[in-house]
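See the structures that follow.
In what follows, chain A forms one complex with chain B and a second complex with chain C.
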Partner chain A sequence: MSTTTTRGVARPASAQASPARPRRGLRGSSTFNFWLFTSPFLIGLTVFVYVPIGWSLWLSFFEARFTVTPSKFVGFDNYWQMLQDSKFTGSLVTFTVFAAFIVPATWALSLGLALLVNRLRFMKAFFRSVFFLPTACSYVAAALVWKMSMFSGVRFGLMNTILGWFGVENIAWLANPDPPWYWLVIVTLRLWLQAGFYMILFLAALQNIPPELYEAAAIDGAKPGWQTFRHITLPQLRATSTAVILLLVIAAYQAFDEFFNLLAKTTWGRPPLVELYYTALGESQDYGEGSAGAVILTLLILIVTLVQGKFLGFGRGDDK
Partner chain B sequence: MSAMSSNWDRRSVLRAAAGLAALGPLAACGSNNGRSGGGSSGKSIKQYFHAYGEAGVEDALKRYAKGYDKAAVNTQWITSADYESKLFSALLTDNAPDVFEFHPQIQLIKSGQVADLSDIIDPVKSDFNPADIASHTVDGKIYGVRMIDDPQFFFYRKSVLEKAKIQPPTTLDELMEAAAKLTTGKVKGLFIGNDLHAVINPLIWSSGADTLDAKNQIAYHTEGVKEGIKKMRQLFTSGHLLLDAPTDYWDPSAIVQGLTPIQFCGMWAMPVMQKALGDDLGIFPFPKVTDSGKQSVVNGGWSMFVNAKGKNADLAKEYVKWLWIDQKKYQEDFALSYGFHIPPRASIAASATKLKTGLPAEGVKLFNDFGHFDNIGWTQAMITALEDVFANCVRKNGDPEAELSKADTTVNRELKKLFG
Partner chain C sequence: MTATVPPVAPVDKPRRVKRGSVIGNTGLYVSIGVAALLFLVPFYLIVRNALSTDPEITGENWKFFPTNPRWSNFTELFHDTTVDFGRSLFNSAVVAVLITVGTLLVCSLAGYGLARIPYRHANKIFYMVLGTLMVPPAVTFVPSFVLVSSLGWVDSYRGLVIPVLFSGFACFLFRQYFLGFPKELEEAARVDGLGYWGAYWRIVVPNSLNFFAAIATITFISGWNAFLWPLVIGQDPSAWTVQIALSSYMTNQVVNFHLIFMATAISILPLVFVFLFLQRWLVQGVAQTGIKG
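For the complex of A and B:
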């Protein structure tokens, strides 16, 4: 019983309770329990995460074509090759453009949805679910729907049908990179898929803002609407916003599925992971260069995260 | 307490859900373990096929495999659009297929990946189309068994062209004109695939050039090819091409559904088109690009290879001999019952009545008169290099000379590795 009560109520209670517990025999078994419960996860983490990372680091210094057990050491040659490779550096530019679109857009859309849903009096749960549902859809499935029915280039594609009502010519959304309509396809797809999830995060944060703040603001003469939003809601959401932005940047770095499925056989619109996939697993099967590219990418993500943490203050704990 | 008990309810529900989720993969493990489907000796072979678009092919291949009694044959049906990268990465692993279909490419031979099949082919060598033997031969050894030959050309709606008073085009300029005339508010004049890569080789051949010459040196970098690429760019930007269709060039849907009156496709799709359009269907080869060029047809196709590095190489070879050399009934069924393919063996082609009359016979004629077979020295890395040229110069407005030079670097590096 004591555990269930302490969990919800307050920290001091558990601080008082713990010295009172009997100590004998617990030490040994708690260590045992620790390993019992964490080892499946730790083993998985080691085998599927740490070993591959280490292996890839090792591969990046070898000439590893068509093999993952190479023998020819080449030092930093692979790194040098990748940094000179216009396709790889181009993919970093592609990513930057993509992130510059998608991060602010998703942030704004999910916050907007959260504000709308939060104000609803009826059917709140319904709309919350409706907006959240796309999160459950796979990127591959959504990419196929986007490609074959919404943004297909034929006259009966959804978008071309709508444009046709206004007398606009059919547009080849994906085949023709000029103008780059493919960005519209990719950005809308990702917005649809992920906005709902971040909306839930914002919704939780909105419901955590004490109503007294709004009452006090109203008494002080703040007008409801933009003024209240700007000076109360937005500052109160700072911690959540920071977390959401960080998650969005990470998600953007991991972008793969929709690019891979929507833009096959192109030389443009390839974010780093797609480019590295073609380097390491395409017909050249160059694991050395692929691994070097992955290490470069990891270092970049590390730097960006540290810089972002410094500016936005994520992880410092104090969010007031 | 009430809060607590509801908590426990939720947990037990979650636990049950997790339990079910954990059972899922276990159940999957039980069924697809490569040991299923007959076989008395307990040995098993894994074969890879790309996903054929015609109905019934997958079942047919599995049915043939079931008839083999020396080993259980497990068929992997690869639906991915890039069959080659799936295949190449699988070949590196322990899970590699023992037998796989692919096109003849010399890097697989140089790296010792595919086995020499001369001993099983030699006895029936004279029965095969000599070009199909030549395209699989390196230093006198034959490395793959051709299963089917697939000519690729243009299909067109006779009635639509007649109405517009257009003759089947024989030059690229005429094709572009036809595309312009046939484009209306609802229909685009021409479909050559969503990325246009299917016509790279015909464009080269019809410009009077080739991918590689007889000495395995670059032969595609000519003024004619550059002119062709520039014309393709014009065509791409003209608004007369069907682009971003729900299906690609290898699927007959675009012409069958009336999205376009002219489509580049393969003979495999002919039965479906004939069924939908009846006699309102004609074919013509890829038109001349330059005056010195000649109309051309891609004689594509698929061949069986044995993974020399696999654990069951000998058994796999026996299986290939059994199915693709000995079992002529199955070979005929495979070539003619689903899509139309030209049997590479004279004895089967002789009895293939379906290909003797009408449009299929015309297809066979184009195959014989204008066809270019696979060049074993033209490998995947080189194919990709030219696809990049096409992507950058036709779909983007790149300079053909600069892009072809870039491709030269890649192709030369590859040639040096392969031929020294």
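For the complex of A and C:
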């Protein structure tokens, strides 16, 4: 970078900042060192993050089928197309349904597990590991187990076997959108995979609640159990809870792996990213509309983040 | 559950509390035990199916566990020619290791520079880094793919690794960490005549290995488990990672259950290892970052 030109300016400043440092010419200049440390990252960030975002914005205003260097400017046409496209808006509905199930369910389960594990005297580490272990699985591996063994639509799937013991007919869990059993498959998968991860966050927060609060509550006559949970534990976990909910919503927006693998070749249950994948990289290779969809999705995530950030106060520093 | 403590009989107190807690404890351990068993069911299915024959898996009655566990499924998987699973395993290992090493190197240097080296525009640059956190990487896969394919990096390690190295989030975490690093240590190094670079490698990094290990485990896991980006980049089977190979099993015409589940078992084995033996750093990393991948 332009170290030689800025050197003269930076020198006095750095000399002020740390007078103990011996003067060692260019290599001692803090401007030179700043760029030495940060430029690999900043160059990469520019090329692989900022350029794609800019290019995508640009593409979204052009008719770009099968090409990434289009010439026909179409204004906001791609955006209107996407917003009128029932597939894309349908995928937003799919996401909303999904989030409505998965966010409260994961929140409740991970908090419940954390409360249980936190009360353990023996084998605490063991149980923590058991609930945390599913996080090691990829969504693809989990989808494979769910699709081909647990919720396999054939007779020898685990769920159908168990239902069979009670005389229930085989259920086509994924191959039939009506009734929409596939939601059960998808929600249980993500619940299993994520709960342990958020449990760790809740556990850390639980351990930070000062025990004096519980002692004070006991003196004031609060019964252990629901009352202390409602009036002490839950309010003390508020920061973590909001952070967890925000992370869950963002994660749900970006759901791709398990939907793509569980519902390959189906037309139902496509969340936004899967829809974008087929728009941009499928048969039509419509980069213009795909980019417009990505911009819309980014804006939506941004809005959700900012609205939630109001409650959260930006950042998770208060958990520590 | 526990009875109200009688104010006049303090001798009675410890026993009653203890009895209540024994009942409470049994209930606690029963409910947590049931939950744990449910959580382990998918792992049971993987192991059971991986060591069975296809007739045992698809048979009329549920077989709890194969009578003779077939360890030969392991060798059979690597001789299977429909999907080159060994190759995908190798690709995943290379990619996940390169991503981990690269992210640690690039993002820690930048984090240190932003945290510790005085520069007039450092704040503006930091906001530029923070801004990228607003745009989730999964959403930019379309333009990123466009860029990487015009560089000719499709189906290559370069394409799988380099674009994911520049994580604004990792850089942010390192910056926050280095802000809290004791300044005295660096000043001592400065007195000894080391520059920023020397102090960083000889003093700062060796004293931050715990934090590096925490970020490394998390990065490795998300690199190994990544699906969308390898799916977009790995179009030729020779560039498939493990996750893409697994995904292809689900849509293949031929279904060999025992091989598919053996592959699944092998694919999660490295991470189970990480979870069991590096859990200290992992838990620390999760608690510090609060986010995965």
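As a working rule, the second predicted complex is superposed on the first by the 277 of 320 C-alpha atoms of A that agree within 3 Å, B and C clash if a C-alpha of one lies under 4 Å from a C-alpha of the other, contacts with A are read in each partner's own complex, and residues count from 1 in each chain.
Heads up, the rule we're going with is that a residue touches a chain if its C-beta (ideal position, glycine included) is under 8 Å from a C-beta of that chain, and two chains touch if they have at least 3 such contacts.
Only a predicted model underlies this, so the values are computations on that prediction, with no experimental measurement involved.
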Figure out whether A:G290 sits in contact with chain B (first) or chain C (second), or with both, or with neither. second
Looking at A:L206, would you say it contacts chain B, chain C, both, or neither? Reply first, second, both or neither. neither
Tell me the contact category for A:E169 with respect to chain B and chain C: first, second, both or neither. first
If you stack the two complexes on chain A, which partner ends up touching A:D178: first (chain B), second (chain C), both, or neither? first
Now for A:M148: first (chain B), second (chain C), both, or neither, which partner does it touch? both
Touch check for A:I102: first (chain B), second (chain C), both, or neither? neither
Looking at the overlay, does A:F41 come into contact with chain B only (first), chain C only (second), both, or neither? second
With both complexes superposed on chain A, which partner does A:G282 reach: first (chain B), second (chain C), both or neither? first
Output check: A:A264 vs chain B and chain C. Expected answer is one of first, second, both, neither. What do you get? both
Between chain B and chain C, which one contacts more residues of chain A in the superposed model? C
For chain A, which residues belong to both interfaces, chain B and chain C? 68, 147-149, 154, 264-265, 281
Quick one: in the complex, what on chain A touches chain C? 9-10, 13-14, 17-18, 20-22, 24, 27-28, 30-31, 33-38, 40-42, 44-45, 47-53, 55-56, 59, 68, 113, 116-117, 119-121, 127, 129-150, 154, 156, 158, 161, 192, 196-197, 200-201, 204, 224-225, 243, 247, 250, 253-254, 256-257, 260-261, 264-265, 273, 276-277, 280-281, 287, 290-291, 294, 297-298, 301-302, 305, 316, 319
Under the stated contact criterion, what part of chain B meets chain A in this complex? 4, 81-82, 84-85, 88-89, 92, 111, 186, 188, 194-195, 197, 236, 239, 242-246, 259, 379-381, 384, 387-388, 391-392, 395-397
Okay, in this complex, where on chain C does chain A touch? 1-2, 25, 28-29, 31-32, 35-36, 39-43, 45-46, 49, 57-59, 62, 106-107, 109-110, 112-114, 117-120, 122, 125, 128-129, 132, 134-136, 138-147, 149-150, 162-163, 165-166, 168, 171, 187, 190-191, 193, 195-197, 200, 221, 224-225, 227-228, 231-232, 243, 246-247, 249-251, 255, 257, 260-261, 264, 267-268, 271-272, 274-276, 279, 283, 286-287, 290-292
Spell out the part of chain A that touches chain B in their complex, as residue ranges. 4, 66-68, 147-149, 151-155, 157, 169-170, 172-178, 264-268, 281-285
